[in-house]
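Same chain, two partners: subunit A is paired with subunit B first, then with subunit C.
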Partner chain A sequence: MNSLIVISILAIVVLYLGLFKAKSALLPVTVIGLLGALVLAIMEWNSGASAIYSGMMLFDNFAVAFSSLTIVSTILILLLSKGYFEKISDNVAEYYTIILFALVGIIVMVSYHNLTMLFVGLEIMSVSLYILAGIKKRDFASNEAALKYFLMGAFSTGFLLFGIALIYGASHSFDMSVIAQYVIDRPTPSAIDPMFYVGIILMIVGLSFKIGAAPFHFWTPDVYEGSPTLITTFMSTVVKTAGFAAFLRLFAMCFAPLAEFWMPTLLVITILTLFIGNITALYQSNFKRMLAFSSISHAGYMLFAIVALGSTSINSVFVYASAYSLASIIAFGVLIIVKDQTGGENFDSFNGLSKKNPFLAFVLTIAMLSLAGIPLTAGFIGKFFMFSTALQQYHTWLIVLAIVNAMIGIFYYFRVIVSMYFKDAEGKELITPGYFQLVLSLSAVATIILGIYPSLITNLF
Partner chain B sequence: MDSITSTIQVVPLNHYILLSAILFSIGVIGVLIRRNAIIIFMSIELMLNSVNLLLTAFSAYSGDASGQVFVFFIMALAAAEVAVGLAIIVMVYRNTSSIDINILNRLKW
Partner chain C sequence: MNLLIVLFFPLLGSIVCLLNKNYAKQTALISSLITLVYSLVLLAHFQADASRQFVVDFAWIPQLGINFKAGIDGISMIMVLLTTGLVPLIILSGFSREFKNSSALFALILFMQSGLLVVFTALDAFLFYVGWEAALIPIYFICAIWGGADRIRVNMKFFIYTFAGSLFMLLGIIYLHLQTPGNTYDIDAFYSLNLDVITQGWLFWCFFLAFAIKMPIFPFHTWQPDTYTEAPTMGTMLLAGIMLKMGIYGVIRWLIPIVPLGFMQWKELAIILSIIGIVYASIIAFTQKDIKRLVAYSSIAHVGLIAAGVFAWNAAGVQGAMIQMLNHGINVIGLFFIMDIIINRLQTREIASMGGIAKVAPKFAIAFLIIILGTVALPLTNGFIGEFLLLNGIYQYEMWFSAVAGLTIIFGAVYMLRMYKNVMQGQLNELTATFKDIRGSEVVVLSIICTLIIVIGVYPQPILHISEAAVNGLISQVNNKLAF
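So, the complex of A and B:
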């Protein structure tokens, strides 16, 4: 709870810093404030929280873990923003403020205990992101990304709301413990109001839009490609993690006893997401767009935890989201440098990166190995946990399909490694600014450490 | 308040559900087939308002005020969305002099 208040106040303080032209103080104040919020969040670990504000919010271990993960990822991304926003416009403070407000929405989303708060958190986050996607006002791709994201986001909110309304109609409450009790009190499927089932399906549709799962993924590549790269990093790591946390929280707390009803739907969505994400990623020549499709396929892997909902689901989503966020931050960080200094974001721009800048090539290799799920990286541990969660419920065919997809994934992730190490370099050497070195090496070291000592975060829940 | 709830209850609940579902479907179809960004936007508002109607009906029938409070949340956040959305549409219009979403295909599929 305290971390939510700190971040909200921090956002307003940053806005005032912008008003008083204290530009050099923006980044340090934001990062220090977020570190404070992180400490406050971790202090609530295992505090045995109960629902506060008439059952609106619940800061249990789930909320603490996911708020901490999103705050850490946001700090890493903000450190990459040194000198980035200044090139876009003079109003730098507003960008930091909007990112912080998006983070406020995300923390509400991972700690809700009432469907009202799910909606409010989702909207605070989405409205901030619509603005962030379009901050390059003169750039046509950025405009297009903002408009597409806005129209699709508002459209999906409509589905989510209709679902909430129908669930309210059946259970007469927005409170999640009341809804859970409504389901438990009616052991036979026919005793539950049909509206409730329609509500679940509509909520799956609305949330699948938000996490970018097929067949509701079509906006993802365009929005990720068109948005400024730093914002894409934020969207594909922090926002995706938050979307999954909200999805998982809803299904684990309320709809778990009805798994027989919604599991087949989610199973189809998962398999479609895996295949569409991976196969389309094969054909991309643009690195950023490839990462967008790879984020769709990773959404597919993360959906495993919800398809095979059980006691280990929370843990596996947390591990997978941490691994994926770290690797994506590295990949996008390297992309920002390469785009900045060579001007292109195609695979060709990475040719001979190992000679032009061995450090960048090395960390990007770690990131690609982690995304592909090679052992000794965090990505392998994430996939391992996901697959074992699914196997506990005997989804053998799902695992077989997932392994086929993991192999397709290795192909396009290794394309980058091949062009970095085995193609000839052209052009001058690349320079890595200090902040980038810090963030990239921290993330790379964390990826390796989590890969070798997974017990650091795997036994949290 | 009581007279309003009893007036709402004159019409059976199923009729409200049907009306909301029809309005919602009109909104969805509008989003999918129209090509003008403003009209798509209006269709989305129609979807949100059908939800408001449904929530009010449920709230009156179950004698629980939280549904009507939720409607206020939806209205407030829809207004925030309108502000941002219209700003984005104006931004696109300034650069392209059009709000037809068919021009939004510069990013390849």
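So, the complex of A and C:
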């Protein structure tokens, strides 16, 4: 709870700093403020919280864990932003402010205990993101991204809201414990109002839009490609994590007993997401677009935890999201440097990186191995948890399909490794700015440590 | 704790290699020799009974039931000796060559050694899997960075193949884990499971795919000749000498004892595939004009025989496989080193353009001949005892299989000796006239290999003794489980 307040105030403080032209203070103040929020969030761990504000929000361990994860990822991304926003805009303070507001929405999304709060949190986050996507005012692609994102987002919010309304109609409440009780009180499927079922489906559609699951993924590649790379990083890590947390929280708390009803739908969505994400990623020659499609396929893997909802689901999503966020931050971070200094974002731009800058090549290799799910990296532990969770519910065929997809994944993740190590290119050496070096090495070390000793974060739940 | 030293000393050496760039190969050699000495210390303390020794066991990821559990019995001991013994030879074989960025190369080799040793000693399925993959990543980079012209495509194929296999194994491992009481990955818990026939049937395939691709068994072998040919010599030696034994070891340690009923269903097919591989690879080797490809195919044939012996699953077959894995490792490393010397000096792989080398390089000719004789299993060389036991084992299962498999020895002798004749004897030509005899580190490596070939050939008993009790124990354990 306290972290939410701190971040909200921080956002306003940063706006004022911008007003008084204190540009150099923006980053330090934001980072220190977020670290404070992180500490406050962690202090609420195991405090046995109960729902507050008339049952609107609940800061349980789930909320604390996902708030902390999103705050840490945001800090890492902001550290990469030194000098980045100045290049693309004059109004730097607004960036920080809007990102912080998005984070406020995200923290609401991971701690809601009432469907209205889910909606409010989602909207706070989304509206901030529409602005962020289009913040390069004079760039055509950025405008396109913002517009597409806005239209699709508004559309999906409509579905979500409709779903919430139908569920309210059946259960007469927005409160999640009341809804959960409604389901538990009616052990026979026919006793539940049909409206309720329609509501669940509509909410699945709405939430699938937000996490970019197929067949509701069409906005992802264009938006990811058009937005400024740092914003893309933010969207594909923090926002995605938040979306999954919200999805999982809803289904684990309210709809778990009805798994037989919604599981087939979600299973189809999962399989489609896996295949569409992976196969399309295979055909990309643009690294950023490849990451966008691969993020769709990772959404597919993360959906395993919801398809096979059980005691280990929360843990799995948390581990997977951490691993995925770390690796994505590295990948996008390296992409920013490469694009900045070679001018391209295609795979060819990475040719010979191992000679031009061995450090960048090495950390990016770790990130790619992690995304591909190779042991001794965090990504493997994430996949391992997902596979275990799915197998607990005997979804053996789902795992077989996932294996096929993991193999497809190898092709495109290794393409960049091949470019970096096995192809030569002319060009000068690349320079790594200090902050990048810090963030990239921190993330790479964390990826390896979590890969070797995952107990650090797997003991949480 | 001795075991941990053996397992992770190479890793330490790998880091030192990276830091100590100017003396990378010396560092790597010293590190691998120290590892060898430690493993010999283990051997000295080792009791050749069926028990597990030097067991280390501590919690790793407790909430998933994952332990870091490793130990050595007779079967593992042979594999550990194979790894620790061959890696110094492999490193030494690279001494006379220049590699760009050599510190990374030697660091990767040592890193891989750690992975291999973990595979051969792991008693926890998760640990086994991690070691399995940890050995794959470095060899991919070794082959893809320092390999030949077509290395990128070939290694991608290799990686996808083996990774696919191992993911199916992962599926099997997680499934078994969920069946164990108390959800653990401990090998003993896996051993004591009694699953129904259908489940064991598909679990067999999960593991079999991983192991068959690694060995490789026909028809999963298509990655192998290309990869061997394009890889740098040290990479080929690691692949053929040690890494493919991971597959055979996996069959002995994990596949058959865990799903014996599944194994019994598919036993016949597994043996037939192995034998088809022997014949098929021999025929192709027979027609090869490329000297390195010839050896690559001959390796498929030899491994097919080892696999058939294991799948026959009797004391002679498995014991034969154990000693033959060691011998094949020694011989194949010798052969690929010979190939490397020839190719490096002549800059061609074409057999037709060679000839008469024995006249200008007598020491080289002797070493080559001894290694060839070991490979074709002449009595009193190391290959003989292994192949004899293997054929004996297969014979006990089915005489005709043994007869067909026995062809491999004749075939092998024919194409190997014919290659020797074409390369070493006959007329000198312009290319081969300037062939320089072996010297320096080459002499050291080849004389160690030749000595091993003859010593093991004359007196194999100590090696057979190491694994005998463990093999018999494992076979009777499986028989008890089948009887139950």
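For this structure, a couple of remarks:
As a working rule, the second predicted complex is superposed on the first by the 461 of 461 C-alpha atoms of A that agree within 3 Å, B and C clash if a C-alpha of one lies under 4 Å from a C-alpha of the other, contacts with A are read in each partner's own complex, and residues count from 1 in each chain.
One rule holds for everything that comes next: contacts are C-beta pairs under 8 Å (C-beta built on N, C-alpha and C of every residue); 3 or more make two chains touch, one makes a residue touch a chain.
For clarity, every value in this text was computed on a predicted model and none was experimentally measured.
When the two complexes are overlaid on their common chain A, residue A:23 makes contact with neither subunit B nor subunit C.
Applying the stated contact rule after C-alpha superposition, one finds that A:459 touches subunit C and leaves subunit B untouched. When both complexes are overlaid on chain A, the residue A:158 reaches subunit B alone and has no touch with subunit C.
In the superposed model, A:82 lies in contact with neither subunit B nor subunit C. Touched residues of subunit A were counted for both subunit B and subunit C, and B has more of them. When the two complexes are overlaid on their common chain A, residue A:339 makes contact with neither subunit B nor subunit C. Of the two partner chains placed around the shared chain by superposition, subunit C is the only one that A:388 touches, whereas subunit B remains out of contact.
By the touch criterion defined above, A:369 reaches subunit C but does not reach subunit B.
In the superposed pair of complexes, A:186 makes contact with neither subunit B nor subunit C. Once both structures are placed on chain A, no subunit A residue is touched by subunit B and, in the other complex, by subunit C. The touching residues of subunit A, counted against subunit C in their complex, run 369, 374-376, 380, 384, 387-388, 391-392, 396, 399-400, 403, 406-407, 410-411, 414, 418, 421-422, 453-455, 458-459. Touching subunit A in their complex are the following residues of subunit C: 60-64, 129-130, 133-134, 137, 141, 144-145, 151-152, 156, 159-160, 163-164, 167-168, 170-171, 174-175, 177-178.
Within the complex formed with subunit A, the residues of subunit B that make contact are 17, 20, 24, 27-28, 31, 37, 40-41, 44, 47-48, 50-51, 54-55, 58, 62, 64, 66-67, 69-70, 73-74, 77, 80-81, 84-85, 88-89, 91-92, 95-96, 101, 104, 106-107. Those residues of subunit A that touch subunit B in the shared complex are 116, 119-120, 123, 127, 130-131, 134, 137-138, 140-141, 143-148, 150-151, 154-155, 157-158, 161-162, 164-166, 168-169, 172-174, 195, 221-222, 225-226.
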